[in-house]
Amino acid sequence: MSAVEISRVSKSFNAGRADAVDALVDIDLTIEPGEVVSLIGPSGCGKSTALRLIANLLEPTRGEVLVNGKPARQARLDQDYGMAFQQAGLFDWRSVAQNIELPLELKGWDKARRRQRTLEVLELVKLPEFADHLPWQLSGGMQQRVAIARALAVHPPLLLMDEPFGALDEMTREHMQDELLRICGETSTTVVFVTHSIPEAVYLSTRVVVMSPRPGRITGTIDVDLGTGRDVETREATTFFEKVTEVREALRGIPATGSGVEAVDR
Amino acid sequence: MSRPPSSVFRVLWPPVVFGIAFLLLWETAVKAFDLKPYFLPAPSQVWQQFRDNLDLIWEAASVSGANALIGLLVGTALGVAMSFALARYRLLNDLMSPLAVALNAVPIFVLVAVFNNMFSITSEVPRRLMVTLVVYFIVLVNVARGLREVSPTHLELMRSYAASEAAVLRKVRVPNAVPYLFTALKIAAPASVITAFVSEYFGGSQNGLGSRIVGNISISDNAAAWAYVLGACLLGLTFYLAAVALEGALTPGGKRAEDRA
Amino acid sequence: MSGGLGRRIRRVWMFVLSLFLVALVWELYKWLGPQDGGTVFEWKLLPRANDRAMPHVWEMLSRYAEPERRGFDTPIIVVVLQGAWFSFRLALVGFAMGTLVGLGLAILMARFKVVERGLLPYLVISQTVPLIALAPLVVSWGGKLHIGEFEWPRWLSAAVLGAFLAFFPVAVGTLKGLTSTPPASLELMDSYAASWRQTLFKLRFPAAVPFMIPALRLAATASVIGVVVAEISTGLAGGVGRLIIEYAREATADPAKVYTAVFAAALLGMVMTGMVVLTDLVLMRNRPRETST
């Protein structure tokens, strides 16, 4: 059973009106459990829309979205995924721990169980000593870590992320990418990740899905076989740059020709 | 939330200096131009009258203050209750909000003339009703906005949790609206006091500060009138400071309404 | 922009409907409520529902057609509108004066932080001073004022009191606007070696306009309130405030009369505010609009 199955999905907004927009047309995508898949493309290519279709925050105009073998709507009701947004979206009237407990409260967990899980997940993101702090006391990167901890609180098999590191500086970003890989490795979570950054997509993913706009569609998928133990050496390896080039050219409309692509001068 | 003494001094010295300078100017102007009390009483004369009539001033302040307080409490309660209803029922919101905007523009206190007619001549209810009405609209407009204007990211998050509307209300909208309530209270508290005074100008019982001021002016005892005015300002200030203190006590993490993005 | 127009029409409809509902509740209470007032938990909370205390809505409306006093010809609607027009002109003068003073104070406070810290608390306190106390002061000072041939007219006192209430929201709102310019823009002006005055007119003021508009709306209402209260406390004849007091005294004999003046005062307030809103629409046509209530 695949983690996510998108079959012949299209999504239009404002259909029938003057400002109608075809955000996505005829998308097919299957994601297996344990994969880390990035959606990358220029503005308007529909990557955030696709993510929200998986999350059932939007309904497709045509086609079907299955998550964990069920219709997306059921998966949302069953809390089969956790989501992280570009803004951490922490409630500033709640402490860090209380923010993480939010989905658990909604699921009806009792206080002791919530506390225990919160501490577990704070350990995972390496912020246990900040449990009683308020969001405004934390840096942007730390807030995002709390948001990821919150997304993982219900132990979901799937993690959906919409450019969560977009607002961070480059060094923090690279650090967060390593943290994400570590966390997802430890929990064997499937990840669907929307990003603007080519190096980020290549570094994180097992597969990069390239999209283009007007209308939004998938133009290609690139497998990234850089191995599992990714670190700073991976970032400096030739194979990494080759993959980055491959993705870049795919974005520019040049079809991927596999390995042995000529290095392109920046 | 303690501040170092040097910073407290920094904050306090300009208003204190300005205040003292103003009082000195006032006092010397009266003395220098030999102004008669019916024209402009000197601060020293006002202060003398204030001390002499302190018990009467206190009595009058209690009457006006009680009217203001009752109106403030009832108006806030009704305003908060109605704002929940407005958040829940769109139609109600569409009905009430143009009315609230229009009433905000008119000198609503003239309705006291109408209220005085509807109740007995010695009743304080018309004044309390007036304050309630004024406070109600201030609280309603602000709290309704606080319940409505929630960050879209928070709403998406709650939707991803398949949370019910009631859960969204309890866990997101209400906490979001709390700073708006305090903004409203900081406006409504002094407004309640002023409305209580103004309501006394339209006849009815003559026990409050407003009517005493009018009374003293009509017998040309300006110094006494201004002593009552001092009482009135103190009452208004007390209400405002109480609202600020309440906000400080009830806001988690000590972040004020104005400090939020 | 048909969507915007449709929304506005709907809002007007809703407003009319809400007025109708208020009238309905009024009549319902008259029908069901205690004729001589009643008690709720021992408190005399319920108003009298009889015809003298609470005239019917149609009586209020039809009263407009009848004359002010028996034996006269002009229907009261003319009298009341004339009073409203009188007060309107006073409020306009008060609004203009208050706006000028408010702007001046705001610029002063924005320029010198010390002035802001020292003066602002007193500006706040000044608004708690009941107008009823200031009114006789203003009148007697005005009486003593002789600059050449200029004699202080009585109506100017009312306008000054209107200005007294109007200046505060203008000062506070404008100050907020002037001090909330983005630091990056200020640095840009610094890099042009612009003087404080140039920065004020080319950057701070235009940037402050979105803050000033709601402040001016409040000032419009405030000037009306100030003028009406001033009319009541100084006994100034000719305005709608005086009419309300007069008619209220005759309420036992002619209950619907006072309502004619009350509605006229409401109309005055709405026209005054409406003018500011209209000016806002005209001036801000080219700016991105933020949604408000």
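Annotations
Per-chain residue numbering starts at 1, and chain names A, B and C are given in the order in which the chains are listed.
Here, a residue touches a chain if its C-beta (ideal position, glycine included) is under 8 Å from a C-beta of that chain, and two chains touch if they have at least 3 such contacts.
Because the structure is predicted, anything quoted here is derived from the model rather than measured.
Chains that touch both chain A and chain B: there are none. Here the chain pair with the top count of touching C-beta pairs is B-C.
Ranked by separation of Cα centres from chain B, the top chain is A.
Centrality by Cα centroid goes to chain B. Mean C-alpha position of chain A lies 49 Å from that of chain B. Remark: chain A and chain C have CA centroids separated by 54 Å (rounded to whole angstrom). A separation of 17 Å divides the Cα centre of chain B from that of chain C. Contacts with at least two other chains are made by no residue of chain B. By the touch rule above, chain B contacts chain A in their complex via residues 151, 153-154, 156-157, 159-163, 167, 171-172, 175-176, 178, 252-253, 255, 260. Taken together, the chain C residues at the contact with chain B in this complex read 10-12, 14-15, 17-19, 21-22, 37, 44-45, 47-48, 53-54, 114-115, 117-122, 124-125, 127-133, 136-137, 140-141, 144, 217, 220-221, 224-225, 228-229, 232-233, 241, 244-245, 247-248, 251, 255, 258-259, 261-262, 265-266, 268-270, 272-274, 293. Interface of chain B with chain C (complex): residues 11, 14-15, 17-19, 22, 38-40, 94-102, 104-107, 109-111, 113-120, 123, 125, 141, 145, 190, 193-194, 197-198, 201-203, 209-210, 213-214, 217, 222, 225-226, 228-229, 232-233, 235-237, 240. Chain A contributes residues 55, 57, 76-77, 79, 81, 83, 85-87, 89, 91-94, 102-103, 105-106, 134, 136 to its touches with chain B in the complex.
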